[in-house]
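Dropping the structures in below, format is structure tokens.
You will see two complexes here that share chain A, one where it goes with chain B and one where it goes with chain C.
What follows is the complex of A and B.
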């Protein structure tokens, strides 16, 4: 064992170790099984994810720093790891039938899903710029490949190349910003960064570093004006990958954002709050307005996810413990509603139908009533109508903004939610009021049924009875340092 | 003083060659300019007392990566001049204006902050590295296998992902 390391350091990253071992196991099983038995791989992957989840549970109220100050094992990390694992589980459940229809390579597919999850977990618990960056890179590279997994499909090729080129550029910006922060402070540790930079006189270069980091993260969460990649990549990538990308990658990037800005740069809040204010307003408005005219469901959901990045940024601008709690609640609810919506889109993909156009949903209620009713719930939830989960999430976000004095931000958010209802309801109109679309019958594989049930249960239960979720999020948000100290007097 | 002159000279050369890399039309020339660029960056590392990194920079980047570039240039037919974009949405002028504005801002901030106090951080960073005795290679090894063991191991997973990705995307039939 290396000097300065103890068994505790390895115990603290037990979930990550289980996940890494499991990912390698998937590769080995892939080689050992015959081509006809590849269905087994989905089960192995599910087993790995469940094992990781079990390994994670003992850490629910641990609050410590592991491996020489590179990782924080705290409630915040616990909550986000829970979100990532849940997302990965539902994604794997909805992937198996899709993989069969598209004839994809299952072993590598599941391996990459697991590795992306691993990267996300390191992003959530990293409190050192190096750990955070390596985690981000692991996740990003896995997604670049997953986006291009439909090799014969030109749109998928385009998605992969576009995501790779723009992603590499944005990572460069992020890294440049981080190197400026390091140059000014002499430390890569996020918590030390806060103390060192707070004791220094403000340097103009700090603004450059800050702007670069905001731009880099803005790309990852697909906030306007760094959102150009999202619609094309979401449309071209395999649908379960799009689902995973739009939920997992976004949640992980928000975790990184909160760590960096609330723990590392809290005293600069008067500088980054206005930036995120602008990003939030632009993302909500542009995302919702662009979604209005889309005829492709995946593109529409891409713009809707841009708008949701805007709603979530409201919690960052609020810069309070309540804002963080609201963001965490919203992210978990977003897992259910967004993944659920994508699960229905995945179901529409059959041997003879691409199933990603709005018209493919036509008459869904008469062909598969349960799927249509589920989709109705997901759409209303994404739109934020009571009594669904989305309403609770938005309520908390907006009230956090009002509490911190950003009344206009909340007003713009509410107006945007109203606009967004138009395109969410349009989906419902197609399902109930249009003529049936052609194509083979829609069937749900057992694993798909489980995925839909989980998503629907989450979206319904937490909309009606959100208390346990609220308590968990509130407790987890406690551990993110410096929030209370950073509440600034700035208001618009 | 002499150090400053060498540094600014090197920095100017690095930037000059970087511009040449993207402005020349011949891809082989571009790759060769990149080699020079990498070598100059290696010299920057030497100036900072990081000889091992300088050697790695020469071996991996100037040696390995550029050779890969040249292979790609030779395998892919680039004789045909790239088609000029007819896309009206390209907004080259707007992009140019925004990029110049950014450049002006950066320059202003750098000049402004350079006239202010000198960075105290560099000394702090140097002090942090100095507590590990031994040569350059030894120091890096110690840091990688103790303080930064976890990111180091995660990087191995990252490379595995990249490797498998390259195989999945490039191989026609597995």
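What follows is the complex of A and C.
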């Protein structure tokens, strides 16, 4: 074995290895089974994800650096990998009926979902610029294809092309920024970057690199003014893919953002804090105001997701262990509420109804009270009303901002939440107060029912009893906050 | 630190200047005597039969893509073979893993009919 590598390195990436092998297995099963037995693929995919989850569990208390300093196997990575696997599980559960209605190729679909998850996992544990970038690329390429998966559908084609062009452009920006950081420091390791750059004088090139990295990541988290792709892509992509994209890709990009800025560039906080302050305020305001006028649910949820990128950036601006904890909590809760809302939209898709217009929800309560009540909870949770999960998440985010002295940011956040309630409640108005929509009956497949139950349980239980989640996030955030504190102590 | 880049800057200027100079000079000096054969696109000496802007089978695309993948695989194997004695068993296993992943893709493409030409 080459120097620096050991058998432990393979053990440390065991979850990723299981996932890679599982993805290949899905491809093989796809070619070996007859067309009628394709339902098997969903089960294989679920099995792979559960196996990966089981392989991940022993790493809850591990805090080590693997593969010659390319990967950090720590609490932070563990938490985010948990989030990604949960997201992928719920997405796969809600996909099977949609795939049948649309007549998609199941094998490639599940394979790409697993590949995207793999990329996200490397983004969360990568502490080397190149590793992080390759993880991001693995995820992004899978999503480019998934966005265009409805081949005969023009909107889906448009979504894929737009996402690919803008995604490639933003990745280029990010890579250019990273190369400048490398040029200034001579290292691609995020932790070494912190120590090397902290001892150097600041120059203009550093600012250029920083701005490019911020812009590149801004595209990925869909923060204003880098959000233009989001509504079109979210609307055109197949609905389960939109759900996966809006939760998984966002969580992974935030994991990358935290790694880069909290671990790699903590001493530049006075420079990137104002940038993220502006991005946060613009994302919240533009996202919420634009969402007010949407008549398509997927577009509305896209703007809502832009606004949520703004809320989450508050945690970055706070630049504290509490801020990181709040972001991690919010991202996990966001999995439940956003995936839940999309699950209901997926359910509305029938043979004769596209099901992504707001009017398709009309009178849902009278025909399908369970689905309507679930949707009510998801909407209230996204809006941040107590006693739902969304309220707890926002509460921690805003209190982290206040603790770090960003009182105005918290005020703007609260005002924006109030604005957002209008369009979330409008969904409820359609479900309760409008004439019933036409169309064939809605059938929730068993797997869809499980997906909805998981999402609803998460959104309700963590709203009422958030303590275990809070403790897990706080413990996981320490591995990243600790480094930031150590480095800032070193530089002053 | 920036002084170290001065030679590169000079190189860029010389390269750009040379290209512009040659283009202008040949534009000024060359004789203009066109005929039909001269205006044809050069394709390894074979006479073109139809216009180049034509629809062609999507299968060319698939085959080209498969070709690139396995071409790159071979390119990757050469440096590996050169330092094989240093990498030893570890390198061999890594290469087997790499080839296994490619073979899965190959079997997939094959079974899905990407290699059928009809």
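Following the convention adopted for this analysis, the second predicted complex is superposed on the first by the 478 of 492 C-alpha atoms of A that agree within 3 Å, B and C clash if a C-alpha of one lies under 4 Å from a C-alpha of the other, contacts with A are read in each partner's own complex, and residues count from 1 in each chain.
Here, contacts are C-beta pairs under 8 Å (C-beta built on N, C-alpha and C of every residue); 3 or more make two chains touch, one makes a residue touch a chain.
The shown structure was predicted, so the numbers you read here are calculated from the model rather than taken from an experiment.
When the shared chain is aligned, chain B and chain C each come close enough to touch A:5. Contacts of A:28 after superposition: chain C is touched, whereas chain B is not reached.
In the superposed model, A:130 makes contact with chain B only, not with chain C. By the touch criterion defined above, A:418 reaches neither chain B nor chain C.
By the touch criterion stated above, A:149 is placed in contact with chain B alone, chain C being left untouched. The contact surfaces that chain B and chain C form on chain A in the two complexes overlap at residues 2, 5, 27.
On chain A, the positions that touch chain B within their shared complex are 2-5, 13, 20, 23, 27, 67-68, 70-71, 105, 108, 111-112, 115, 118-119, 122, 128, 130-131, 134-135, 137-138, 141-142, 144-145, 148-149, 151, 160, 182-187, 196, 200-201, 203-205, 207-208. Residues 86-87, 90, 101, 104-105, 107-108, 111-112 of chain C are the ones touching chain A in the complex. Residues 106, 109-110, 112-113, 116-117, 119-125, 128, 145-151, 154-155, 157-158, 160-162, 164-165, 167-169, 174 of chain B are the ones that touch chain A when the two sit in their complex.
In the complex of the two chains, the chain A residues touching chain C come out as 1-2, 5, 24, 27-28, 30-32.
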